[in-house]
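Across the two complexes that follow, chain A remains constant while its partner is chain B and subsequently chain C.
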Partner chain A sequence: MAQIRLENLWKIFKTKTEEVQAVRGINLTMPSGQLTVFLGPSGCGKTTTMRMIAGLEKPTSGKIYIDNEDVSNLKARERDIAFVFQSYALYPHMTVYQNVAFPLKAQKTPKDEIVKRVKWALELLGIWQYKDLYPSHLDSGTQQKVAIARAIVRRPKAFLLDEPLSNLDAKVREYTRAELRRLHIDLKVTTVYVTHDQVEAMSLADEIVIMKDGVIQQTGKPREVYENPANLFVANFIGSPGMNLFKARKEKDTIILGNLKIPVSHLRRYKEILPGYKESELILGIRPEYLKISSSNANGWKVEIEFIEPLGDEKIVDFSNGTLKGRLRTYRSTQVQEGEEVSIHIDIEKIRLFDEKSGCELLTMHDNEEVKA
Partner chain B sequence: MSSLEFKNVTKRFKNVTAIDRINFRIEHGEFVVMLGPTGAGKTTTLKVAAGIYHPEEGEVYLDDHPVTHVHPALRDVAFVFQNYILYPNMTVEENLAFPLKSRLRNIDEEKIDETVKRVAKLLHIEHLLHRTTERLSGGEQQRVALGRALVRKPRIFLMDEPLSNLDAKLREEMRTELKRIHREIGETFFFVTHDYVEAFSMADRIIILNHGKIEQIGTPDEIYTNPSSLFVANFVSSPPLNYFTIKKESGVFVVDEEGCESLTCNIKADTLQDGKRYIFSFRPENLASSLKKSDDTLFDVPAEVYVVEDLGTYSVITFKVNGLLLRQKHLGPPSAKIGEKLWLKLDGNFFIFDETGKKRVRE
Partner chain C sequence: MKTKMLSDRGIALLFILPTILILVFIVVYPLIWSLFLSFTDYSVVGTEKPHFIGIKNFANILKDEYIWLHFQNTAKYVIMAIAIQFFLGLGIALLLNREFAGRGILLTLVLSPMMLSPIVVGLFWRYILDANWGVLNYFTSLIGLPKIAWLGEKEMAMYALVIVDTWMWTPFMILISLAGLSAVPKELYEAAEVDRASTWFKFRHITLPLIAPLLLVGLLFRTMDAFRMFDLAWGLTQGGPGTATSTISIALYRMAFQNFETGKACAFAYIILILIIGMSNIYIRFLNRLQKRGG
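Showing the complex of A and B:
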């Protein structure tokens, strides 16, 4: 178990025609025993960061510490880190047992110790019964578990997993996800996990690191980044669908959203800082589940239902109010039709406000300015 | 715009029967999604529809005309492959115009230009027309690939998991986009995927395929409320369906699973026969838990919280009851902590299947 610390980490790839800044100045501490998920869109630098931690890629600048030891110049195999990638490279001519025993044999571990540890790893992942089978006889979920067993059997200081589930069928992925979470709770090994699937990230992470264009956008517990996104990018990226983001105005002590007026005094999160906020244009964010259709609410927000997307026990309803377009989440049983005019109730407590120019959430921006001042 | 029909179609590869006597009909202008796991035979079905594969048995009809032995080029269908191929040295505009420039078609330049602009607008890629395709993001490339199918006016669009290479957020956006495009152009869409959310959110009707056989055909609503087999019920449940074997012994239901000796299960299903085994199942959203035991608790022992997942909009709690793992899904932050002991209760629907899971048993 080990703490991993990244200090002003940069990676610039130089090709003949261009210079790609894949990772741009990352600072991050991952405490011992924590599972940290790197989440972000394709190309944001997740894999590059991971490869630098593993020692497979040399940082352009910056340092990597494991337990306060600078490992930036150590080779991959000197770092005592195990990794699992998207495509599980198992040895096809070896059985499950032999595959998992392989790293221990390579380390010249005593024989009885190998037997003990392989059994431990296979039982932990619930795949002991497959020990004598060859990889080609296993389904993809089980193959990936073998790859994970092979990584944990050495009991390394840390695990790095790069999209280990993304080649699996949607269903298999769901089963395996919860098992990985449980595995982490049982083992408590420092883990870095990369994915672009936010549900996977929410499910597995002790802490989520959200990246975009090589820069960290926000770091926090899953619930924190969900409820209190630091900026518009995170607000939209987390959640499926993401947070509704409406253009709104501030006039004196009211926030105006279409025909709706919300007194600033009702917004507990913001009432201290809003009076000092100089801009009149801002972005009002609200998650789709914090909007409710109410037929009786006379002073609600009047909208027209445009489109209904069924999702099993729930449905996503697209609505519009003049130029504003939004989505809400409701139960399957809610009676509502396309073309209908309804009134929407907004859960005021859940409103989040963002600065239009910088995209920053107002309270986050305010707190950052306090720190600087 | 066309209808497509399969009558008793079988396609074999050596000793593998990829699709096995399948029957379905897609009406003019319908958006039908075929849903199934890896290896179910989805791609094979599409390729038979396109004429790339010839079936060993059965007939394929387009607009009620048999086309089973008609060459692909003469069927006039558009195929969007999972691994789309764009011409890298061409601009988006050139890529889109390419399918129209075939000498066979003989379309004049002005008309081509107009079509390319219309499709680019539909896909929101007008601003990219002069860029070469290797300089596009994954999602933009995907839209160009779709565009190359849309510039033509085929009788039917066949799409093989066109969204599965995209990152999660883009996939979500493209789902809405595709549905919008379908509404705007009103053509017949036949789309295959293994992602049930994709199927539910876009399809007018869903065909569920498993091991080359059709398990069920229906609207998303029908499939959800009335699954005809255990496979279907589980496939459209996220997180996975809760299910286990039960046996009725002198009027009492006992759980018949490994590690569940003498676990009884409190359910009301009078019509089931004594001495027979059934599969009892219910969705994670229909499981409730409480601190106190009551008359309607499901088991006579409490369940231990085994995994807790906070997914933002929802939480998923996995319980352990003897050898059973059961999942509960509810809105908002998790309502339980690991290690806690709670009593489980059913809140809503359940489904009972025969011992094999193949047939629904009326409760």
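Showing the complex of A and C:
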């Protein structure tokens, strides 16, 4: 169990022709025993960050602390960290048992201790019966478990998992995800988890770190980043479908969304800062589940249904209002038809406003400016 | 016009028939004919027809101490040369198995001896190693070492042969080792690194087992090749001084083409063939066992 702290961490990859800034000045503290998920699209620097924590990649500048010890210049093997690779990186010439025993053998652990610990790890993951098989004889779900067993057998200071579920089928993935969560609760080891799958991030994380272009966009509890995204990127990236983002205008004390007028006084979250907000153009964000079709509501927002996507127990409905296009989530039983004109009720409390130029959420931007000033 | 169509089978046969005929003519027929001759007293320069003499040729060869001497020479040479080439090749491959400037050129240079003709290599090393005016002795005399009669002394001549063979064939082991090393996934090393394995532990438990099958193939090729090596030694020493560097191939050559004991030479050749097949089988069995694991 250990706290991991990153201080102004940079990684620049140089080739003959170009320079790639993979990670650009990351500051982050991952508390002891917490499961932190790095989430972002491919190429956002999340894996590079994790490889630097492991010691497989040397930072261009900045520091990494594990339990307040500066490990930036230590080799991977001196950091006492376990890493689960996306491809599992199992040793093909060793049996499951030998694979899991490898880290213990490398440390010259006494033989009876090895036997005990390997048995513990394999039984914890429910793969004891495969102990004499070679990795090539196992399906990818089991291979994954072997990789995890190999990571936990040593009881390291921290686990690093690089997209561990991305090579699994949907069904196995769901199951393994729950398993991982259970394992984390059981072992309570500081865990860093990298994924591009936001569902995985939401369901596993104690804290989510959203990255883009080598920069942290937002850090927070899953619910927090979902409800209060710090900027347009997070708003769109988190959630499936992402947050609806409409171009809106501010005129005096109303927000104008297409043909709908929302009085500023109704937006309790922004009541304080909106009067001082100088721009007239802004982006209004609202999650698809906070829009309700209500044919009876005369005061609602009039839209036209364009397309309906049935998803088993619910439907995703694409709608338009003039040039504005959005999506909403509704029950399977809701009776709507493509081409139909309906009225939508907006949950005013859940509206989030973003600055058009910077993409920042107004309240976050306001807070940051106050901090700066 | 009515044409008789050939069946698929007919066409296939038409394609492979010429090859089969040529193979039978130049491989199968000589093989069987020489097997027959090995049981006769035939000489290709004699006027007599071959007489069947049973296993007398085989018995004579196996009883002949002079021929056993050649087997000993060959064994000495094969063991020394292959062992040195194996370790040297693997070592150099480990050094070369990384990115650095000029790697391509260096690799080409290192591999070039292998591309020469052995008889040429034998001949020019004869000059390099010459006791009086060879360049090797010239250079060693510069640093005050005594001149060595590399090819004139019995013991030295064998070492010279091993050195030259090593110069020529180590590149082959380098090439095979490099192929093996570059096929080991980088991630396994990274996994081992975070699993706190030392460099030696990684080499012993990851590199070596993973490249072992390929190394074994390399060893098999080199052993078979060294066992029947003729041209290099012929160019370098012609088997001398005395019989110091006479390998079984040289003995066979002398028997067949200088003494023209054709029947006996055939028997000798068959003995060598059986030996090589036997040794190869040991390797192949070992290889199969390695490949059964995981794969």
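Rule of thumb we're sticking to: the second predicted complex is superposed on the first by the 372 of 373 C-alpha atoms of A that agree within 3 Å, B and C clash if a C-alpha of one lies under 4 Å from a C-alpha of the other, contacts with A are read in each partner's own complex, and residues count from 1 in each chain.
Definition applied: contacts are C-beta pairs under 8 Å (C-beta built on N, C-alpha and C of every residue); 3 or more make two chains touch, one makes a residue touch a chain.
Because the structure is a prediction, the values reported are computed rather than measured.
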Fit or clash - chain C, chain B, common chain A: fit
Partner with the higher number of touched chain A residues, chain C or chain B: B
Which superposed partner A:E174 touches (first chain B, second chain C, both, neither): first
Contacts of A:S203 with chain B and chain C, given as first, second, both or neither: first
First, second, both or neither for A:G45, with chain B first and chain C second: neither
First, second, both or neither for A:P135, with chain B first and chain C second: second
Touching partner for A:D313 - first (chain B), second (chain C), both, neither: first
Superposed model, angle subtended at chain A by chain C and chain B (C-alpha, nearest 10 degrees): 70
Touching partner for A:R150 - first (chain B), second (chain C), both, neither: second
Touched partner set for A:P164, first chain B, second chain C, both or neither: neither
First, second, both or neither for A:G239, with chain B first and chain C second: first
After fitting on chain A: smallest Cα gap, chain B-chain C, Å: 17
Of chain C, residues touching chain A in the complex: 185, 187-188, 190-198, 201, 205-206, 209-210, 293-295
For the chain B and chain A complex, residues of the former touching the latter: 37-38, 137-138, 166-170, 172, 176, 179, 194-197, 200-201, 220-221, 224, 234-240, 283, 285, 306-307, 309-313, 316, 318, 327, 331, 333, 338
Complex contacts: residues of chain A adjacent to chain C: 54-56, 75-83, 85, 87, 89, 91-94, 102-103, 105-107, 134-137, 150, 154
In the complex, chain A residues that touch chain B: 41-43, 140, 169-171, 174-175, 177-178, 181-182, 185, 196-199, 202-203, 222-223, 226, 236-242, 287, 289, 307, 309-313, 316, 329, 332
